[in-house]
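Going by the order they are written in, the chains are A, B, C and D; count residues from 1 in each one.
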Amino acid sequence: MKSDLMNQLKKVKLFLFDVDGILTDGKLLWDSNEKDFLRFFHIRDGYAIRLLLDSGYKVGIISGGKSNNVRSRFETLGVDYLHLGHINKIGAYEECLQAAGVTDSETLYMGDELFDIPVLKRVGFSATVPGATDEVKQHVDYVTAKPGGEGAVREVIDHFRLGNN
Amino acid sequence: MKSDLMNQLKKVKLFLFDVDGILTDGKLLWDSNEKDFLRFFHIRDGYAIRLLLDSGYKVGIISGGKSNNVRSRFETLGVDYLHLGHINKIGAYEECLQAAGVTDSETLYMGDELFDIPVLKRVGFSATVPGATDEVKQHVDYVTAKPGGEGAVREVIDHFRLGNN
Amino acid sequence: MKSDLMNQLKKVKLFLFDVDGILTDGKLLWDSNEKDFLRFFHIRDGYAIRLLLDSGYKVGIISGGKSNNVRSRFETLGVDYLHLGHINKIGAYEECLQAAGVTDSETLYMGDELFDIPVLKRVGFSATVPGATDEVKQHVDYVTAKPGGEGAVREVIDHFRLGNN
Amino acid sequence: MKSDLMNQLKKVKLFLFDVDGILTDGKLLWDSNEKDFLRFFHIRDGYAIRLLLDSGYKVGIISGGKSNNVRSRFETLGVDYLHLGHINKIGAYEECLQAAGVTDSETLYMGDELFDIPVLKRVGFSATVPGATDEVKQHVDYVTAKPGGEGAVREVIDHFRLGNN
C-alpha cells in the first residue's frame, strides 16, 4: 500500500462494512426453516473485527438486507452499530458518524454495489473487492487482493493494524 | 465485447435465464427438511436483475427443475416469467416471447446444457459460462469470464447497462 | 486424450464412481436434522450420468459412506447399482460386473483414495481428480482437469460421448 | 520438503490441529436449528487423520470454538484429544503433551491465527495455510500449498507418511 494511502488509513477510528459480497462471498442459500437466505461468513474476518473492538475502535454494519442470520453473526461479534434493512445507506452512515463522534476522514467503508457509491465517496478510506463491478471500483481508494467473504476485510484491517504498530 | 456483438445486445428487451449452472455454481445441497436440493444464488446477479426490472425490461426464468428454493429466489426478485419444471424449453421460451410481445432478436438467453441449445440458437443474444460443455459453447455469441453463480449473469447485464448508457 | 487411451475408453459399458471427492468437492457439512454430513453434488455431473443411462449404459456408485443424502441423490438419478457403506470396494465392484455382465476391460472407475487403488488397477479405464494424493495418481489412466464435484465426472463422460460419435 | 525439515517431521508422535481455517476453509454458515455456525470439513483430511490413528499415532484438536458440529466431526473420526472452547491454547496444548507422554519436539501443530503463535513456536514441526496472516507465517516451519479445509492437513500428513516409508 502506498504511503499516502497508508496515511489515510492510519487516521481511521470508525470501520463500517457492507455485508453481502464484502463480509460474504455473495452466495445465498435458502434456509427452509427460517424462510430466509443464509450467508457464509469467514472466521478470519470475524477475528480481525474482534481485534479492532478490543483496541477500542468503533465498528458498524450497514446492510440492505435484514436476515436473522446476519443479525446473529454481528451480535455475536459485538459490533457497535448494526443497521440492517437500510436501502438509504447515507442515512445509516451519518447515524454511525454521529454516534461515534468522528468525521468522514476518520471513517473507513467497504462496499461492492452501486448503492454503496455515495458512502464510498464520503469516507476517508474506501475499499471494495475484486468481484465488484467496475463502476464501484472507480470510486474506491483500494481494491483488495482477497475476494469478499474469503478475507477481504481481514486484509484491510491487517494493513491498518500493522501500519499502526 | 466487439461492436457488432454489442449492437445485438443493445436490442434486447427480454432477458431469459436457465437456473442451474448459470444463476448458480451448479452445486446441489440436500435439504432434509424439504426433501429437495438447495442451490447457491449470488447477490450481485440478483441486484443486476432488479436493475433490469426497475428499468422496465422483461425478465424470465426457464428451468428444468422445480424446487421451492428456486421459486422463492425468483419470486423475491419479482421476475416477470417463472417457468419451472419445463423439460421442453422451447415451449416455455415461446410463451415468454408472446407474453412480452417481442421477437427472437430482441431476446437474450443464457444456458449451459445440451437441452438449452435449441433456445440458444433462436435468440438475438446467447451466452453461456466457462464451465459449460464445448457442445454448448459452439452455439453461443458470448462465453462469460465469470463462472455461473459467481457473477456470470451480472457480467452480461453490466455489458448491456453500460452499452446502453 | 491420446488415441490409445481413447480406444480404452470407447470399450466401456459399465461406469462406476466413488462419491466423496469425485462426485463431490470433498466437503462435508453437518446436518443437525439428520445427524449426518451433507455433500455438494454438481448438476452437470448428474446430467452426464442421465445421458449414459438414457443411452443404455450401466452406471454404479461404490462409496464407503452411507448417508441418506447420498442415497437420495443417486436414487433420483436412477443409477443401476448403489453400493453404500462398502469398505471392501473390490467386493462391491465384482457384484457390479456380474450384474452388468461385463469384464474388467469394459469397466470405468473413478476414485481418489488409497482404498480405491485395488479397483483402479482392475478396470479398463481408471481416472482420478487433481486433488487426489500422488499415490492414487500413479495408478490411473487419466487425471481430470476439473476438480471433483465441479465437473470431473462430466469431463470423462464427455470424452466418452464425443469419442463415441 | 527440505531434508532437515523432513527430519523434524519424521520425529512427530503427536499431531495437533486448530479447526477453523485449518481443518475448514474458514467459512461459517448459520444453522437455525442449532442456533450455531456450521463448518465445512474435507473428506481427504479426515481420512488422513484416520490413517494416523490406525498407525498408533496420537491426534488432538485444540479449538477456540465449541460447536456441536465440530464435536460431531472429531468424535466420529475418533481423535484422542478434543479441546473445544479453549482460548488459552497453551494450557490445552500442555495437557495433550502430558496425556500422550511426548515432548515439544515430538509434536506437530497446525494453526492460522495470532493466538496460535505461542503453540506454533513450541512444537517440533509447525505449519499453517496460504490464507493465514503474515504474522503467523513468520512463525511456522511450513506453509501448505493447499488451502485450509481443502486438503492442507492431508498435505502435511502425506509428507509424514511418505517420509516414514
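Basically, contacts are C-beta pairs under 8 Å (C-beta built on N, C-alpha and C of every residue); 3 or more make two chains touch, one makes a residue touch a chain.
Just so it is clear, the structure is predicted and the values come from calculations on it, not from any experiment.
For the pair subunit C and subunit D, there is no chain touching both partners. Counting every residue number used by either copy at the subunit A-subunit D contact, under half are found in both chains. A rotation of 90° superposes the C-alpha trace of subunit A on that of subunit B, rounded to the nearest 5. Distance from the centre of subunit A peaks at C, each centre being the average of the chain's Cα atoms. Here the CA centre of subunit A is 30 Å from the CA centre of subunit D. One inter-chain figure worth recording: subunit B and subunit D are separated by 43 Å, centre to centre, where each centre is the mean of the chain's CA atoms. Residue positions 29, 33 of subunit B each touch two or more of the other chains. Taken as a graph of touching chains, this assembly forms a single closed ring in which every chain touches exactly two others. If you check each pair of chains against the touch rule, the ones that pass are A-B, A-D, B-C, C-D. Per the touch definition, subunit C reaches subunit D in the complex via residues 20-21, 24, 26-30, 32-33, 35, 37, 112-114, 131, 133-135. Taken together, the subunit A residues at the contact with subunit D in this complex read 25, 29, 31, 33-34, 38-44, 46-47, 51, 68-69, 72-73, 146, 149-151, 154, 158, 162.
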